[in-house]
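Consider the two complexes below, in which chain A is the common component and chain B and chain C are the respective partners.
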Partner chain A sequence: MKTGATRDPLTIAATAIAFVTLFAATFPLFVTTITAFNATNETVFPPNGWSLRWFWNIAAQPELVEAAAFSLVLAVISSAISISLGVVSAVALTRKKFPGRDLIDAFLMSPLLVPQVILGLSFLVFFVRIGLKQPFLNLLLPHVVLTFPYALRVIRSSLIRMNPKLEEAAVGLGASSVKSFFLVTFPQMRPSLFVAIFFCFVVSFDNFTASAFLTVSGATLPVQIYFNIESSLDPTISAISALLIVSSAFFVIVADRVVGVEKIV
Partner chain B sequence: MKQAGIEIEKITVRYGNSVPVRALSLDVKPGEFVSLLGPSGCGKTTTLRSIAGFSDIAEGDIRIGGVSVRDVPANKRNIGMVYQDYALFPHMSVEKNIGFGLRMRNVSAEEIRQRARAAAEQLRLSGFLDRYPQQLSGGQQQRVALARALVVRPDVLLLDEPMAALDKQLRSDMQFELKDLQKSVGITTVFVTHDQEEALSLSDRIAVMHDGKILQIDKPDTLYHFPATRFVAEFVGTANLFKAKVSNAGGRSRVELDGQNVSMQLDRELKAGDVEVMLRPEQIEFGNEAPAGSVPLPVRVQSAVFVGVATRYLVKTSSGQVLRVDVSGVQSVRPAAGEQTTIFWRLDDMRIYRDGMLEP
Partner chain C sequence: MKAKLGVLLLLLPALGLIAGFLIALTSVLVMSVLDSSGALSLESYRSFLGDERNLTILFQSIWIAFYVTVICLILGYPIAIAMSRSSRTVASLITLALAIQFFSIYVVKMYGWMLILGNNGVINRMLLGSGIVSSPVKLMYNELGVAIGLTAAALPLMVFPINAVLQTISLRYEEAALGLGAGRLRALLSITLPLSVPGILSGVILTFVFCFAAYLTPGLLGGGFFKMIGNVIYEQAVARFNYSFAAAAAVITLLISLIAIVGVNKASQVLAGGRQ
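What follows is the complex of A and B.
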C-alpha cells in the first residue's frame, strides 16, 4: 500500500507543494531568529559573528519591556472577556432557538471580514467623538472585537459536535439546567477553551494594524517594535522577535499535544 | 420498589405546524411493560418524551402514580430514561455516571457510592467502575445506561430504542436480560421500538402507533393473531392479503377470493361486499390432500429459502398473486422450487378486513 501511494504523481506533487509552502512561510522567521545572534550592531544574514548581547540589550530598552508588559496584560484581559462572551453566545446560538439567530450568528463573525485599517480608523473616530482618551480602554475594546470571533468560532464548533442528548439526560436525572451546563456541557468544552485562549491571545498580542491607529501613549509591543526600527535597526528587534517566535512555536506544540488543534479548527 | 402507573389522557403535541401526537390516550398499569411500536415518524418517541417532560403537551394530561405531571419540569419527575445512543457522560467514570442522578438528589457521598456499586453489581459492571464510557463495549455501555436510570429508584423507566445500536446476537441476549431485570425490579416500563420482534418478545402489551395515534393496544399474541386493522396486520408480522367478496345466503356468509377459484363457507354472517382476507405465512401448509375443514389453493413454488428454524417460500397462484409461506423445521412436506403443489389453511386462522378494519 505504501509504495503504491507514494509513487502516485498527484501525491508527489502535493507533498512537494506542501514543503515549498512550509519553507516559504518559515524561512523569514528562521532568518530573523538567526540575525538576533549577530556579534555587531548590524542586522545581517548570515551573521558576521556570534553573540547573545542583543538579548541582554532588550532589558536595557525600557520602552520595549513596558510595551511587552502592556501587550501581555491587554492580551490576557481582552481574551478573558472574549472567551466569556464567546461561551455565552455559543450556547445561545447552538442550544436555543430564537428569531434572527442566523443573522446574529453572521453578524458576530463579521469583524473577521472587516479590514483592520477600517476597524482601527473607525474606533479612532468613535473615541475622538465621544472624547474617550484612555490608553488601555482605547485598545481593549477593539481587541475584544478582534478576538471575539475566534473565541466564538472555536467554542461554537465544540458545542455543535457535542451530543445534545447528554444535557437532556442530565436533566432527566434531576439536574437543573444550570447544573447540567456546569457538570456536563462545560467539562466537555474545556479543550476548545484552551484553543480559544490560545487564538485570542495570539490575535491580540500580535495585532499591529488596528492598534497602530489607537496607540495614545504606551504602545503595544508590535507598535513599539515598529517605532524602534524606524529609528535604529540593531539586532535587539531581531532578539525580541526570536523570543516571540520561539514562545509561539512552543505554545502551538503544547496546545497540539494537549488537545489536538486540528480537532478544534 | 414502589410501583406507579402511567395514565395518558388525550395528549396532543404540536411543533409549529406538525402534530406528532394527536389526542393519544394510554394506561400503563403499575409494573407493566408496554411497548410503543410503529414506523419512524409515528409519534412514539414524542409520546415517550412527553412522559419524561421533554416534549410539551398542548392538550391533555399525563399522570404518574395518579399525580398529574403536566406542570412538573423534567428534572423533578423522577423518571429513568435510556437513550438509543445511551448518552453516557464521556468525561465521567462508570461509577460517576451511575451516581449522577443520586448526586442531583443530594444523597450523601457514602450512600451514592454504596448504591452505585450495588446497581453496578446487579448489571454485572463491578469490574468496570473506574472505566470511561468510550472504553466499554456497546452492551456494557447499555448496562451502564440502565444502571444509571434505575439507581435513582425512578417511578417509571422509559427506553428509547435502546437495542438499536447492538448487533443481533447481543441484542437477543440483552432482550432476555432486560426482561428479567424489569420483572425483578418490578418497574413500570415504556419501551419505544420500530422492531416488531423486539416488541413481541419483551412486552406485556404492545401499542401499535401510526400518525400520532394508537391503532391497537393488546397482548403480543392477541395483537399478532387478531390485528384490529390491516395496517397492524401488515406492520406486526407478515400478512398475505387477498381481495375477496362476501355474499350471504341462509344466515351464513360465503367468501370468494377474487381471481382464484376458491369459495369458503363461514358459519357466521357478515355484511355483503368487498373485503380483504389475511393469512399469516406459518398458518399456510403444503399438502396433496386437504384436511377436513381447510381450504385448498393450487400454487407453483417460486423460491424456497432455508433459514434454520423454518423454510420460507414464495408461491404463486394461477392468477399471479404471490404469497409467503413459512414451513417450520418439523414439517415433513417441503416442496422444491418450481414444483406445482397445493396450499391449505384453516378457516379459523383467516382474518377478514373491511375498509381496513377487522370483521368479527
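What follows is the complex of A and C.
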C-alpha cells in the first residue's frame, strides 16, 4: 500500500517540508549541545574554542545538582504511584461492566483538559488554604494527577486489545483469578507498561508550568534551569541542557528499539 | 453485587486522587469570588476586566495562539502526510526526529531558541558576520520570538493526532479518485483531508489551548516585553500573593479555553453538515 504512494510528487513535497521543518525544530537542540563545549564564558555558536570546563562546573553549582536529584526522585515516585493506580483502574474499567463506566473514565482523564497554569494555581491555592507547606508533597500530588491519565490511557488501551478468553481459560483450568492475572494478563501488558513508565517519567521530569507555582525553595530541575537562564547565560546551562538532550534522545531511541517509536507518539 | 463492590474498591484510590484535583480546582473558583477580607465579591473580576493592560494581554494571547495554531497546521499536516506515506525508512526517521524534539525538556528547547534568536545568537552572528546588517536584529524579547518558540513547542501536538488518523485511512480511496480522473492534489484535498478532520480537530484544540495558556515560552522568549495571560496569573499568584486576582484571571482563561474547544467542535459539525 505504502510503496505506491512513495513516489507520488505530493508525498515527495510533503517529505521535503517535513525535513526542512524538523531540521529547524531540532537545530536548537544541536546548537545547545555544541555551545556546552565553549572555551570562554560566552555561550556562542560556533564555539570560540573547545573545553569541557562547563560540564565540571555543573558539579560546582549545588542548586543544579540538588534540583536534578529532587526531580529524579519526584519522577520515580510519582510514576510508580501513577502506574500502580493506572493498572488497578484500567483492570476495573475494562474487565467489569457497570453503569457509569464511561463517565468515570472521562472523570479520571479530566486533568488533561485543564491548562497547566490553572492546574498549578489550583494546587497552590488549595495548599495555601489548608496550610500544607511541604516541598515534596506539594509537588508529588500534582505530578501524580498529571501523569496518572497517561498511565491509565496507555494501559487501558492495551487491556482492551487483549483477549479476555485467555484469562478465563486459565481460571477454567483451575488458576485463581489473581494468579491468572499475573500469569496470563500481566506478561501481555509488559510493552504497554514500558510505554506508560516512559510517559509518566518524562511528563513528571519535564514538567515546568505546574511545578513553577509550587516551588518556593525545593526547586525541580526545569524550574532551576529557568531561574538560571533568567539570571545569567553562562555555558553551564548549555552543559546541563546537553546532558538532558542526549539522555532524552537516548531514551527515545531505546523506546524505539523496544516497542517502536510509533507507540510513544 | 460482590463484583461491583470489588470494582468500586479498585477504582477508589484513583477516584480519590482526581476528586482531590477537582477540589483544588474548585478552590480557585471560590478564591476568585472572594475579596481581601474573605467576603463574597466580584472585585477581582472587576479589577481584571477594568484594567486595559490585562485586556490587551488577554487579546494578544488569543491572537498569538490562533495564528500559531494555523502555522502549526500548515507545517504539521505535510509532516503527518510524510509520516504516513513515505517509505518505511524515511517515515521512521521523521517520526524519530519529531519524538526526540517532543520529548526533550521544554525549558531546554526554549533555551535553545534563545541561543538562536538572541542578539549574540546564531542568526544575528551570521547576519552581522556577513555584513548584511550593522546592528543585531531583534528576534526575541518580542512577539516574534514568542511565536517562534510556541510554534516549535506545539508542532508535535498538531502532528501526532493527525498522523494517528491518517494511518487508518486507506489510500485506496484516493487511488479510486485518481482512477476517475482527479489530479493528485484534488484527490488529497477532497478525499483524505475531509477524512482526517477528527485528527485535525484534536490537533487544533491541543495546540490552541497549549499556546493560549503558555507561561514558559513567553517568560523566556518574551522576556517581560511580550506578556501572555499565563505570565499575569503567575506574577499575581507567586510574586504578589494576590491569589484572588490570579484566580479570576485563571477562571477567565479556563472559560476561553472551553469556549474554544466547543467552538472548534461546532465549527467542524457545521462544515461537515455543509458538505452533505
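Convention: the second predicted complex is superposed on the first by the 254 of 265 C-alpha atoms of A that agree within 3 Å, B and C clash if a C-alpha of one lies under 4 Å from a C-alpha of the other, contacts with A are read in each partner's own complex, and residues count from 1 in each chain.
Basically, a residue touches a chain if its C-beta (ideal position, glycine included) is under 8 Å from a C-beta of that chain, and two chains touch if they have at least 3 such contacts.
The shown structure was predicted, so the numbers you read here are calculated from the model rather than taken from an experiment.
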Do chain B and chain C fit side by side on chain A after the overlay, or clash? fit
Which superposed partner A:Ala92 touches (first chain B, second chain C, both, neither): second
Just to be sure I read the superposition right, which of the two partners does A:Gln188 touch: chain B = first, chain C = second, or both, or neither? first
First (chain B), second (chain C), both or neither: which does A:Phe136 touch? neither
Going by the contact rule set out at the top, does A:Lys179 touch chain B (first), chain C (second), both, or neither? first
At the CA centre of chain A, how far apart in angle are the CA centres of chain B and chain C, to the nearest 10 degrees? 100
Residue contacts with chain A in the superposition, chain B compared against chain C: C
So, A:Lys165: does it touch chain B (first), chain C (second), both, or neither? first
Minimum Cα separation, chain B versus chain C, post-superposition (Å)? 13
Given the complex with chain A, which residues does chain C contribute to the contact? 3-4, 6-7, 10-11, 13-15, 17-18, 20-25, 27-28, 31, 75, 78-79, 81-83, 85-88, 90-92, 94-109, 111-116, 120-122, 125, 152, 155-156, 160, 163, 170-172, 175, 184-185, 188, 209-210, 212-213, 215-216, 219-220, 230, 233-234, 237-238, 243, 246-247, 250, 253-254, 257, 261
Considering only the defined contacts, which chain A positions touch chain C in the complex? 1-6, 8-11, 13-15, 17-19, 21-22, 24-29, 31-32, 35, 42-45, 85-86, 88-89, 91-93, 96, 98, 104, 107-108, 110-111, 113-119, 121-126, 128-129, 141, 144-145, 148, 152, 202, 205-206, 208-209, 212-213, 221-222, 225-226, 229-230, 233, 237-238, 241, 244-245, 248-249, 251-253, 256, 261-262, 264-265
Residues on chain A engaged by chain B in the complex (per definition of touch): 163, 165-166, 168-176, 179, 183-184, 187-188
The residues of chain B that touch chain A in their complex are 52-54, 74-76, 78-81, 83, 85, 87, 89-91, 100-101, 104-105, 148-149, 152
